[in-house]
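A, B, C, D, E, F, G, H, I and J are the chain letters, set down in written order, and residue numbers restart from 1 in every chain.
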Amino acid sequence: MSTLPSKELEVFPNPKPSRDYTIQIESPEFTCLCPKTGQPDFATIRLEYIPDASCVELKSWKLYLWSYRDEGAFHEAVTNRILDDVVKATDPRYARIEAEFLVRGGVYTTVVAEHFQEE
Amino acid sequence: MSTLPSKELEVFPNPKPSRDYTIQIESPEFTCLCPKTGQPDFATIRLEYIPDASCVELKSWKLYLWSYRDEGAFHEAVTNRILDDVVKATDPRYARIEAEFLVRGGVYTTVVAEHFQEE
Amino acid sequence: MSTLPSKELEVFPNPKPSRDYTIQIESPEFTCLCPKTGQPDFATIRLEYIPDASCVELKSWKLYLWSYRDEGAFHEAVTNRILDDVVKATDPRYARIEAEFLVRGGVYTTVVAEHFQEE
Amino acid sequence: MSTLPSKELEVFPNPKPSRDYTIQIESPEFTCLCPKTGQPDFATIRLEYIPDASCVELKSWKLYLWSYRDEGAFHEAVTNRILDDVVKATDPRYARIEAEFLVRGGVYTTVVAEHFQEE
Amino acid sequence: MSTLPSKELEVFPNPKPSRDYTIQIESPEFTCLCPKTGQPDFATIRLEYIPDASCVELKSWKLYLWSYRDEGAFHEAVTNRILDDVVKATDPRYARIEAEFLVRGGVYTTVVAEHFQEE
Amino acid sequence: MSTLPSKELEVFPNPKPSRDYTIQIESPEFTCLCPKTGQPDFATIRLEYIPDASCVELKSWKLYLWSYRDEGAFHEAVTNRILDDVVKATDPRYARIEAEFLVRGGVYTTVVAEHFQEE
Amino acid sequence: MSTLPSKELEVFPNPKPSRDYTIQIESPEFTCLCPKTGQPDFATIRLEYIPDASCVELKSWKLYLWSYRDEGAFHEAVTNRILDDVVKATDPRYARIEAEFLVRGGVYTTVVAEHFQEE
Amino acid sequence: MSTLPSKELEVFPNPKPSRDYTIQIESPEFTCLCPKTGQPDFATIRLEYIPDASCVELKSWKLYLWSYRDEGAFHEAVTNRILDDVVKATDPRYARIEAEFLVRGGVYTTVVAEHFQEE
Amino acid sequence: MSTLPSKELEVFPNPKPSRDYTIQIESPEFTCLCPKTGQPDFATIRLEYIPDASCVELKSWKLYLWSYRDEGAFHEAVTNRILDDVVKATDPRYARIEAEFLVRGGVYTTVVAEHFQEE
Amino acid sequence: MSTLPSKELEVFPNPKPSRDYTIQIESPEFTCLCPKTGQPDFATIRLEYIPDASCVELKSWKLYLWSYRDEGAFHEAVTNRILDDVVKATDPRYARIEAEFLVRGGVYTTVVAEHFQEE
């Protein structure tokens, strides 16, 4: 497996697809750049999902988040994009991204987006 | 963009209008004046909303809250007014304001108001 | 306005009667007397309500709670009485009293009562 | 009133039977004996109930819990027995016992049982 | 009773099968091996269940968790296996396993699985 | 022993006068009146002392603090007076009073006074 | 006594000048303006002092802090100025100001200054 | 080794007598009886000591604390007695007992006693 | 002033050089690269110092920390280098750097270095 | 570098030997076996030291702690042995080990040992 930052999320087969269960993954090490000022932004990213056929490989998730380090990203857009990428890679029964950003201008922002698998 | 206090809330286009998602913004730096005594009041203002076509620009939100610094405002009225202004500026699918005021007369007051977009 | 303890709750007109919103008021300074032993009891009183036509004036609320200082009051009865007095004074759409008493005999007691406006 | 440990729970008339309201009573001072080893067990007992005609007298509750001090009692059985005794003594509209035991064998156990009054 | 690690869960008869009640058991002492690297993993395991005819014996639970000490186990698979073993041993009305793993690669993972008894 | 509020502190003989050891007593139930406004003040009183020949009797300490309930008392003066009364009643090797008052005018005040026995 | 903001600190005679004791006063309601940008700054101000002949009057302290509301003030300079003003007004045996500012530019700043009375 | 409560503390040889090091042992499961009322008292007992030739055996410490379960004991006296028993059993270079009792009469009491080995 | 990352720390004249006082600056937004693996590391950097003639300009401090974003840096070496740079830029009477790194390999590392001005 | 458990601690040259500074390393993942019962014990190990010529390599520290996984070890002895091994490997100016064990028999044990370099 690569150890370089990458937008490609690797997956592995869900060991218990017959049961709906939840996987929660928290990473306090997300950083990207503010598209307006070019200055660093920081966030804790929380992924919670009910897998269908595939699960997100943990090391790959770490490399995926790392891939934003040198990119400009707005709070609202990047949260939705991360959710879209999880959905594209694993087609989960349910998924939720919570991005809790460090304070900017005296203001604390958190963005939360959910996805439900279509039946 | 201006850096002066202003009641005008600036907005930007929602980057993902096809999805219902939530934006939470907390500001511990709200201050206004007590209309009865003229003395300062202090509060933490929390905005949570599901955007429709537009999102609240964060710097503009900061300047908006600043605009109350020299105005008299009752706890109940100012919470509802802030919610009304968010609704007028962005017409969100849902919005909620929680204003948690610092203690006065041994009493801690929090006011919470919600708005649901009409269908 | 008076500054003496009083069972009379003063009210003011709800500034936004068209919207259901919530007002939370916490007071850690409630004290009364145990009717059995005459010894002091202490509690934190939390009022949460959805106003209809009237709101509880905050200073009046403080004087109201003060009025129990020299009265005997059982935990269960006084919680219900405070709720009854709020209902009588403001006829709220909803009201809730939570009385969290300091420990007596190794036992911590909290009483919670709710009222819903009849339609 | 007695000051000796007793399985007899004393009650007093509910001062507000016309309203459903909740009484919460927490006691961090419960101890009994392990039926297998004879060694002491310790727990915090939380009673929450909606009274009907009667309320549990607080000092009597303390003496009731004291009565287990020299008795053997399994975690699951004693929690259900305490709930049964509350129901027998006061026939409440609702009652709940939460027994949070101190760690044994590296394992923390909490037992929670509820009762709903039959209509 | 044995004091050796074992995958066999011992049970005892539910002392109150006529009532649905909940038993919560938390163990912060779970450790197994990463199947990829062979390095130790650590987790807190929380079991919550509503017993039917049988309850999990606590010492047996401790020995059961101990039995994973020298086994390779993926986070998602081991959580589901523990739940399966509880279901097989006690056929509970409801059961839930929450496995909160210590951080790996800057990422905190928690897996939660539930089982409902078939009617 | 009386059960009425009293400025007389009862004492009992120190069971281990040959050793310097510390007794800490915390009471969150102190209330007096503001001498300017007549309104109630509230504080947590912490006594820490090294006894010489006598110890403060705990029930008497409770009645002593109760005796301030209907008296006017400034924060700074009452803290020193309580320390003086402890010193007069028990002549301790060391004593310290910490009075932590509830907020007034947005300001939190704590007064701390110490006494060392003269050799 | 005035109720307007003022740089004049009022004092009252120390009720126990024969004893060294400590008065701690915490105010979470300090706000001033950034001299560079004109934008509001916020801080919690903690005063701790050992009075000599005079004590700081609490309401006057509140009005004193209020007086900075419309003034530009650097973090380091305003902390030292507040300490200087306390020293000038009361000539305390010891005084300490701790100013804990809210975050600016992702950076949390606290300034602490002490004064010892010259002998 | 016995599994019955006992005032006899067992010891074992210090594995590193050439070094001064500290052993801290906390037990939240201490209970005895109030000598005045016969009612149960509860405390957390903390032992901290620097061993000389011997260390306190942990299971024996548990049985020792258990031995107070049916004895009357005043807060101040029992703390000093526990320290005396540790000193008699192990002659430590230093020892300290902190006994933090659960609230009685609205008052929280903690007793702390230390012993230094004579040279 | 520049808004680009820079190793040049800007300073401004100490507004109160006649007094020894302390400035504490905490930044939770430090990130650099692991020299062995090239993967990102994260830390909270706390600077505490007693200024002599100069103070660290806050925005410049932010840009200084930013300058490590794309550099490889060992925990122990970078903490000492940051301290050296503060000393070179401001020659403080005292300075202390505490670098609290996020967990790596199940291990939490904090490095603390101090500097005292030579007389 | 090996990735197998090993009692050999690897070191690297101190990057700043001219300055006394402190390195703190906390690992919540220590486990060994109880020599009496063979059952697992768990602890958090905290190392704090002032390096002289060498520093402890972090990955090697992790493998070192891992090496105790299948060994019997008494609380007091293993804490001193870990300290001895750190001293032998790096001859630090100062070192301290704090081993905080999980509860056994209702008792929480922490052992703390220090070493000072001989001059």
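Observations on the structure shown:
In this section, a contact is a pair of C-beta atoms (placed from the backbone, for glycine too) under 8 Å apart; a residue touches a chain by one contact, two chains touch by 3 or more.
Just so it is clear, the model here is predicted, and its values are computed rather than measured.
Considering the contact criterion stated above, the chains in touch with subunit D and with subunit J alike are E, H. Look at where the CA atoms of subunit C average out and do the same for subunit J: the two points lie 56 Å apart.
The distance from the centre of subunit C to the centre of subunit I, with each centre set as the mean of the Cα atoms, comes to 52 Å.
Separating the centre of subunit A from that of subunit E, both taken as means of CA atoms, is a distance of 28 Å. Multi-chain contact residues of subunit F, defined as those touching 2 or more other chains: 28-29, 42, 102, 104, 106.
Chain pairs that touch one another are A-B, A-E, A-G, A-I, B-C, B-F, B-G, C-D, C-F, C-H, D-E, D-H, D-J, E-I, E-J, F-G, F-H, G-I, H-J, I-J. If you check the complex, the residues on subunit J that touch subunit I are 14-16, 19-29, 51, 55, 58-59, 61-62. Those residues of subunit A that touch subunit I in the complex are listed here as 3, 28-29, 31, 37, 39-40, 42, 66, 69, 102.
Chain contact summary for the complex, subunit D toward subunit J: residues 42, 102-104, 106.
Against subunit I, in their complex, subunit G makes its touches with residues 74-77, 79-80, 104-115.
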